[in-house]
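Letters A, B, C, D, E and F mark the chains in the order given here, with residues in each chain numbered from 1 onward.
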Amino acid sequence: MLSKPFDGFMACEKDPREAHTILFGAPFDSTTSFRPGTRFGSAAIRQESYGLETYSPYQDKDLEDTAVCDLGDLELCFGDPARALDAIQDQADAILAEGKRPFLIGGEHLVTLGAFRAAVRKYPDLHVIHFDAHADLREDYLGTPLSHACVLRRCWELVGDGRIFQFGIRSGTREEFRWAQDHVTTHKFDLDGLETALTAIGDKPVYFTVDLDVLDPSVFPGTGTPEPEGVSFSALRQAVTLVCSRANVVACDVNELSPHYDPTGVSTAVACKVIREMLLALPPR
Amino acid sequence: MLSKPFDGFMACEKDPREAHTILFGAPFDSTTSFRPGTRFGSAAIRQESYGLETYSPYQDKDLEDTAVCDLGDLELCFGDPARALDAIQDQADAILAEGKRPFLIGGEHLVTLGAFRAAVRKYPDLHVIHFDAHADLREDYLGTPLSHACVLRRCWELVGDGRIFQFGIRSGTREEFRWAQDHVTTHKFDLDGLETALTAIGDKPVYFTVDLDVLDPSVFPGTGTPEPEGVSFSALRQAVTLVCSRANVVACDVNELSPHYDPTGVSTAVACKVIREMLLALPPR
Amino acid sequence: MLSKPFDGFMACEKDPREAHTILFGAPFDSTTSFRPGTRFGSAAIRQESYGLETYSPYQDKDLEDTAVCDLGDLELCFGDPARALDAIQDQADAILAEGKRPFLIGGEHLVTLGAFRAAVRKYPDLHVIHFDAHADLREDYLGTPLSHACVLRRCWELVGDGRIFQFGIRSGTREEFRWAQDHVTTHKFDLDGLETALTAIGDKPVYFTVDLDVLDPSVFPGTGTPEPEGVSFSALRQAVTLVCSRANVVACDVNELSPHYDPTGVSTAVACKVIREMLLALPPR
Amino acid sequence: MLSKPFDGFMACEKDPREAHTILFGAPFDSTTSFRPGTRFGSAAIRQESYGLETYSPYQDKDLEDTAVCDLGDLELCFGDPARALDAIQDQADAILAEGKRPFLIGGEHLVTLGAFRAAVRKYPDLHVIHFDAHADLREDYLGTPLSHACVLRRCWELVGDGRIFQFGIRSGTREEFRWAQDHVTTHKFDLDGLETALTAIGDKPVYFTVDLDVLDPSVFPGTGTPEPEGVSFSALRQAVTLVCSRANVVACDVNELSPHYDPTGVSTAVACKVIREMLLALPPR
Amino acid sequence: MLSKPFDGFMACEKDPREAHTILFGAPFDSTTSFRPGTRFGSAAIRQESYGLETYSPYQDKDLEDTAVCDLGDLELCFGDPARALDAIQDQADAILAEGKRPFLIGGEHLVTLGAFRAAVRKYPDLHVIHFDAHADLREDYLGTPLSHACVLRRCWELVGDGRIFQFGIRSGTREEFRWAQDHVTTHKFDLDGLETALTAIGDKPVYFTVDLDVLDPSVFPGTGTPEPEGVSFSALRQAVTLVCSRANVVACDVNELSPHYDPTGVSTAVACKVIREMLLALPPR
Amino acid sequence: MLSKPFDGFMACEKDPREAHTILFGAPFDSTTSFRPGTRFGSAAIRQESYGLETYSPYQDKDLEDTAVCDLGDLELCFGDPARALDAIQDQADAILAEGKRPFLIGGEHLVTLGAFRAAVRKYPDLHVIHFDAHADLREDYLGTPLSHACVLRRCWELVGDGRIFQFGIRSGTREEFRWAQDHVTTHKFDLDGLETALTAIGDKPVYFTVDLDVLDPSVFPGTGTPEPEGVSFSALRQAVTLVCSRANVVACDVNELSPHYDPTGVSTAVACKVIREMLLALPPR
């Protein structure tokens, strides 16, 4: 009788053995160069998810019918990104080892690297679909290679040219944009071209990483580095639904919510709705 | 000489006997399931209305020329919704009895039920035009029938099938959407279809209820349950102008501003401008 | 391997069967007459408890060594206080039935009544130690008997004269202060007289209820009805330690944190530290 | 039946002809050198006054029994301090002409000069009791003589040496402190010496001006220029009660609340309680 | 070795003798009728500019390659608008005298008048392109001619009919809109018609003034008088790029950011990006 | 003529060659385990310092007469604490090499280690006076030795037993308090015992490090880990004045202001006043 109620992401309380997708949080921000606080993102998302319904009128599906389990947050070490990434990789490895799909909630974008390492180890032909305002392709940031501004460059080092498809990119150094032309596929400013990319990728395994700052700051102000002129919620919702339902997504993440810069709570609501729509669109594995 | 200046909604200081529309506030929130605070909505709207002009370049009309009177806020009892609804109904009854149009400012959406009861008593063939993000059609909410999540269901019990026209609905349980198909007219996601509905209603008496969360949270973050992917301000402004100028609106309300979740004040400015445009569009009775 | 980490109040993860004290939250506010939001209190307390250490240098004790279990929050119905109180009473009944001490975290002060009813049923000679800025002794509030402004009056109806000892009271109607003179023991303004009261009560069973607004608003701004000139944190810490270690506390609560009025987070930190010191001082049952 | 409820300061709704004290607000800030926003002070005070009780357990008196009337706010011109001061002086003149006591709520401290001019015209032997963190004795501020940093200097020009008694002063230029030694009585840092000053003033007419930033910023953060190490609420409450009950206060003001720097609302609560205690202590004229 | 790093607007650290455009800030707000705080605008813009990149993917240009110098903020007198305008005019005069283009960052919109006076003295055939939500064409505001609500009227007095082209205007009194028809070219609601105006102006000298509240409040909430239904960021970015690259802009300003009403920081990010795009588009003189 | 005004800490604009004390900022937080944001501390302190006067009535001294120079902020790398500490150490080395006293403004408390390393290299018999709420004596934090929770332990490794005097400590693990007994002098809870420590230290060189969270959170809420029941502002002001005027302070720092958790700005005002009093008390070297 004296048992504790579930307090993970709404309705994601299926038995982990029967779930096809496993949520876990990486409450880590340490390399963020501008405004910190994404460490609070995953906890805020869980708590505020109860402001949404489990049912989506867009997809006519309900999370209650979806085999997802939320394992809560990892305990991560600040000030030592390498150690934190190892812990994230371990958790993703464990999930993949059981034949399930890891769904990581950040945290700063660097956390992607941990889950990505696990995924690329299991799926050597891994492709990347990347939604973001920022290219994240720097060689290093003020001397540090493990920075959220470098994360896709680190991923590229593991998969090489032609595997990474970026969308919505509207900020970067001149060098990043130039480098990108030779190594990755970068769609600037919006999410157009997604259909073409999905066709090109086919049924290859995909790591799908969503930096929520791809959204316009009016829609999603609660992030470390808001960049005006982003995509609309509607565009993002349709695009994530498309990727999750059509690509062979073997691992994914949603990151860069910084709830302390979100006094109205709307950014957290946006993050929850994006995650709900992704979870509803992801097929069983 | 020592007299108190007017501090109601800007320019709504006509003599109540000569006004065709009477504003009053219902500073009540008690059943809100998520974030409370709409009790502060009507007071914030009055105070911030002075940041707007009384003149509308959209309609080329001026509130100074409009016969409206603001009676201020009721004093309502928290924790006892039935008692609060009775007080709201009494005030609306009194206004209707003098042949005037009550314009209620919430407060949570449940307050609609008080004014609606008064209106349906006077106008048995009352129809409803309902703008909202949420269907509000639950039979009960955690066992309570008097909840803001059930308010349109309670209204339906008083008028029956075919009288309620909902627009902008993008959140609800699967059950609500299914129930709606048999009993009310629900336009999902946007305000399209309004012209058709107005034609169908003709000159029947209309209760017009605007839950401001029909707006996108980027436009209107200050509400209890922000739901992404709402309508734009421009769409709402045009729609409320259309309803107020074309339908036979016998009573109306605007609700669900929660100003403590609006640190920038823009939600309150939005509420004020919606109300100004409605007041300018409503004809004399 | 894929198991969820504990996310209750820090270190309160003992097996409920071996715990002597059981924490649970009542995230309820519906009757609050002024600023709402205590519904978010218990969740904020859990989340922010990790900013504190488990060790207290005041008592030289550690929560790691203390047999406490946190069961998380009840799911309560808004807008129907009677129903919510029943659910709280049921949970407290269950805890008391297993010979353990319920420790309720509010929520508005009305939640006390639920746990109190359970306690008085088991301990008919129950006494009350009440720390608060407000007397909470109204017969009703705007017609409603179940209001946070009436909660001690409702408790008095169950135990009668001479059982309630109030401290720190600095706000109330003239009628409340007059009524109090004949029925309860009210120490105005501060916590003086506590030793005398503890001696008078002896080893009788005690319900200890702490409305955190007894603190000065400079120390604890995050509450619905801040009342200037309250007690210092040091005075409160010493007083709660004294009550918990010397009285026969059979049930207790801490309430009225409203974290959305606490943008700096210090009120939540204060609530966490008060609870830590109480838990460390409460003896095994 | 359709009448507007009172919305001035709680319980200050007596007929102005029968009131001995007349509240009015001067929502003006234009010369503030640091953080603006005191223009919102008087409106916030009225609105939040309902969070307090009308009864004071300190004085065992009730505002319901007190003959005070609140006339609301003046409409003042920004950017032209001379014009705004004229309007304030006119209102104070009118109140004094009816044999009543003006009680001005600011606004920035410069507003004092308007009411002071009216009072000194009627009472040429006017004395000043001034509570403040800042000396406000500059000859000019960046070239402007009408600045909140100069207001007491402007008052001194109207009454001369020996009439102004300052308390709590802990900030100023070296020149202000030196000048003060020859012209006014300045008690630095706290409110000590008040009894002596009251005795010296005897029954001479007194203008009592309270800049709320005399309080410590922990108690009263919501002000333009917070200055650490101020007086406690308890000290201020006792001091204002003493001045109002013992001196011949012919006019008074409370100013410098800037509610937009008061997200918790405690500064406004403090301002309300100070005003309540002053109103209860002021005798009929 | 012990030298201070640059802390002006990012990358605007060229030697002033070699710069073609000179930034300076006018941290002044004193006449603002509604919410103050634009005095903090220019400092916030400098500090937050480091959250942007110096490179623009829209124009494929980099601020590092642009000859701009930021001179920091003037020290201005509050409460005396005439004196503040003189100081702004002096600084703009000095910049123009050296053959450079002044780029003023406000502050409230009244600051425009200072720089405008300098520009019109040097360029008698000066034209004005004005982006704003508000017409700013009042003869006076509550009796004061030097108000931010009158600034374009004051400019008109210096250049006469046919020289001022307004865009985005959606708020004003009926009188302002009527007066405008005879004296200025007013494009209501959006930025359409800009191409036509640029063609009409040809290579005449242009003062370009951007009141950022022309943007929709969802994009730019941090301003004194938010007016719903403004233009999108994309529309504004394209329009300012067009004006700066095609018109003969001899002086310009960006104003009305009030960062204390911008808790998320997105308004400041928007202001920074507008300024970056303008600086990149402005040709050498 | 076109020169940039000073924008460092008020009045600290002396020529670095003639200054005895050199301010510099280390805007770094990367290892903070709880709430981040101290990276914004030094910039906020500079900007808000203009809300204070340069003159102190406590010491009757003026910063205008004090030979201090502010060099602004270092540019530091996030996510790599070792690299950031090296940069801080280099700056402190350079200042010490010129015979001046470095005064570091944090940032998180870990920054102390950079300046401390420079100081201990020059002064091998360096002693430490440490004001803090937290012992900061952990061997490591979640595996990382370079954490703000370990900084005094790292300092101890460089100087050994008997050199560190801690005051105000009220939080730590049981292990930290036990370890401290054998290695450092820890005064719990308040600043008592300072006189004795100063006598024991005599004229030995002292590194003085002030973690502002030693203050009570009511006085200083804007910090990462607020810990209730701290010292008063008055106690801290007197203590820092005593240390700076009596000990042989060769280097010092003030840290842990996190301004984004300080919406009222009072924490920043407190930090500014502490720094002003320290600068006024520090003698020429």
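Quick notes on this one:
Rule of thumb we're sticking to: a contact is a pair of C-beta atoms (placed from the backbone, for glycine too) under 8 Å apart; a residue touches a chain by one contact, two chains touch by 3 or more.
For clarity, every value in this text was computed on a predicted model and none was experimentally measured.
Under the touch definition stated at the top, chain D and chain F share these contacting partners: C, E.
Shared contact partners of chain C and chain F, listed by label, are A, D.
Using mean Cα coordinates as chain centres, the one most removed from chain C is E.
In terms of C-beta pairs in contact, A-F outnumbers the other of A-F and A-C. Mostly differing positions are employed by chain A and chain E in their mutual contact, as under half of the interface residue numbers are shared between these two copies. The greatest centre-to-centre gap from chain F, using C-alpha centroids, is found for B.
Rounded to whole angstrom, the centroid-to-centroid distance between chain A and chain B, based on C-alpha atoms, equals 38 Å.
Along chain E, residues 35, 75, 216, 218, 261, 263 each make contact with two or more other chains. Pairs of chains that satisfy the touch definition comprise A-B, A-C, A-E, A-F, B-C, B-D, B-E, C-D, C-F, D-E, D-F, E-F.
Residues of chain B that touch chain C in their complex: 29-33, 35-37, 39, 75-81, 83, 110, 141-144, 146-147, 260-261. If you check the complex, the residues on chain B that touch chain A are 34-35, 169-174, 177, 188-189, 216-218, 221-222, 225-229, 261-263. Across the interface of their complex, chain E is touched by residues 50-55, 57, 60, 62, 216, 218-219, 233-234, 237, 263-266, 269-270, 273 of chain B.
Touching chain E in their complex are the following residues of chain F: 1-5, 7-8, 16, 22, 43, 47, 69-75, 94-95, 98, 263.
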